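Quick one: the structure is below, and I'll ask about it shortly.
Lettered A, B and C in written order, each chain numbered from 1.
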Amino acid sequence: MSREFKVGLFIVCTTIAVLLALLYLSSEKGFFANVYTFTLSSKSGDGFTDGMPVVFSGFKIGQVSELELNEKGLVLIKIKIPQRHMKWIKADSTFILYRPLIGAARIVVTTNNLDSAPMPPRKIADVEIVNDINDLIKIVQPLIEKITQIAENLERISKKVDKMADKTDEQLYGKEGTLPQVNKILKNIINKLEKLDTTVDNINKISKDTSEGTKDFRMLRSDIDDAVNAMDKVVIKLDELISSKKNPEFEVP
Amino acid sequence: MNIALIKQYHENMPRHKAEQIVLYALQRLGLLSIAYKRNPSLTNEERFCVMLLRAVMVRDAIVIIDRPLNIIPNLKGYDFIFQTLKKIEDFFITCHIYDYKWMAEKYGEI
Amino acid sequence: MSVLENIGRLEIKMFKAFTDTIMFAFKVIFRMFQRRTYSSAMRMVLLNQIYFTSVQILPLFFIVSIILGSLLVGIVFQLLKQLGLTDFFGNVLMGLIVTELSPFLTVLLITLRSSAAINTEMAVMKVNREIKTLEIFRIDIIDYLILPRIINGVISLVLLSSLFSILLLTSGILFSRLIFGMSIDVYSNIILNSANLSDIVISLIKCAIFGFFITLIPIRFGLKASQELTSIPIVVSGGMVGVFTAIIIIEVLSLITKLF
């Protein structure tokens, strides 16, 4: 084997191996595949970008190649689809620009009937726009307004309750409040009861000597009657006072 | 093969064709055996012949030999030079030998 | 003042050397695209150069590629598995090993073998006045001596580096099966998905640039030798340092281009 033959063999074999590898890689990457262009339209170009993927059932089948405005002000979006994915694009396919909260925007192709006719290249299909974030804002906004209102109401209520609590405190614990009055009343009752003790002692004295004490008994009885009546009134007044906040004061006869 | 290089380069001749011309010339000089030898393994006379052949490979060569004793220090008779030139006289147009004046008698009748 | 002068002198010398090399490179590239350059003599030299640089070392190259490449791939795979980064093995294999390590190891192998030889050959030819003899016979040094070696460098490095990568990927099949239990289909799918055509093309261009400079620089240094034999080791060592500097610069530049 001559030197020329060896060198030639080396160069040819290695070059062929490298070229085959590159060709295989290129063909697998779709470099040599026929690519078809379809045109979509939208009222707004907002959200569309060159290179944006076109997705069918979660798989990328193409991408946006060009964006332009037509004379009517509509945005024309050109998408390139390789030959092998042409079967997913039909005349009745719908195209949706989907902008998720997390992740890149993409054009989602939905084809309900895969047996329908393929989409003609000259047809300009409309693109619907679905924005996760805008829809979410629409739903959440009224809720937020409601919550704001509720919060404001709660604030007002809590202020009122504070005022009421202050008043109640004043009414219960203040100088002219209920509790000090009750204290006064109870003191009066105690005084009366002490008087009653005295009266009961007198009764005992009188009971020992009944013959002489009839007048005294009558007097005594009227004393008792007066005392009991007074106590009745006090108790009634006390009842009224505790149950009625508006008339905390009364005078003990 | 340094001799063949001249033809190969200047006339863009294929290697084997240039080699054939050189081998023919070497054969004429009776030095076919040295065809694939390298410079250090040559004798002075052989080296002189190779240098001469290399010079005559140039098209329409005008050969100038500068002080032959520099190439063949132990040269006894200058007849060797003339005989060598005669054997390949069709390869060149003219040949000029330059040497010191006191060496003239060694060359004898040219 | 003398320190500053020395620094300035050194900088000027380095800058001049750099610009001279670049100018010479342009001159060589210009000549490369001229038809008349490719004479019979030049083609013969080119053939011999390719033979000595690539074909002669092929058996050794295969052995080194298979052993070193396989070990490298095996270790990397093992490490990825330990770190739980098995998802990235395609990217590591293609992005790091094939497009970076493969050219770098090939260039080191060729530099150590061929660049040193070219450098010495040029220096010896200069000392022996063979360069001068060629000039006397109107044989263009660039066409006959320099261009065949440079073209050989480019061709050899591109082809050998590609061969190294192919052997690496093939040994990767074995190791992916052993370590990850991966079938050939899955392995080739992962490689295809990770492979980037632009990276591979950049890698091949990088190999060509490597091949150009690892032959040009030793030639330039070799031709700087004087008439003394003692100048030979000086120019050879200078040339080899220049070659390794060029390798690092080219590698850094290629990494920078990858960033963009």
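As a working rule, contacts are C-beta pairs under 8 Å (C-beta built on N, C-alpha and C of every residue); 3 or more make two chains touch, one makes a residue touch a chain.
Keep in mind the model is a prediction, meaning the values are calculated, not measured.
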| item | value |
| --- | --- |
| Contact-richer chain pair (by C-beta pairs counted) among B-C and A-C | A-C |
| Chain of greatest Cα-centre distance to subunit B | A |
| Whole-Å separation of chain centres (CA-atom averages), subunit A against subunit B | 107 |
| Subunit B and subunit C, separation of their C-alpha mean positions in angstrom | 42 |
| Between subunit C and subunit A, distance of the C-alpha-averaged centres to the nearest whole Å | 66 |
| In the complex with subunit C, residue positions of subunit B that touch it | 5-6, 8-10, 12-15, 18, 54, 58 |
| Subunit A residues touching subunit C - in the complex, by the definition given at the top | 3-4, 6-7, 10-11, 14-15, 17-18, 21-22, 25-26, 28-29, 31 |
| Subunit C residues touching subunit A - in the complex, by the definition given at the top | 47-48, 50-51, 54-55, 58, 155, 158-160, 162-163, 166, 192, 195, 197, 200, 204 |
| In the complex, subunit C residues that touch subunit B | 39-42, 44, 137-139, 144 |
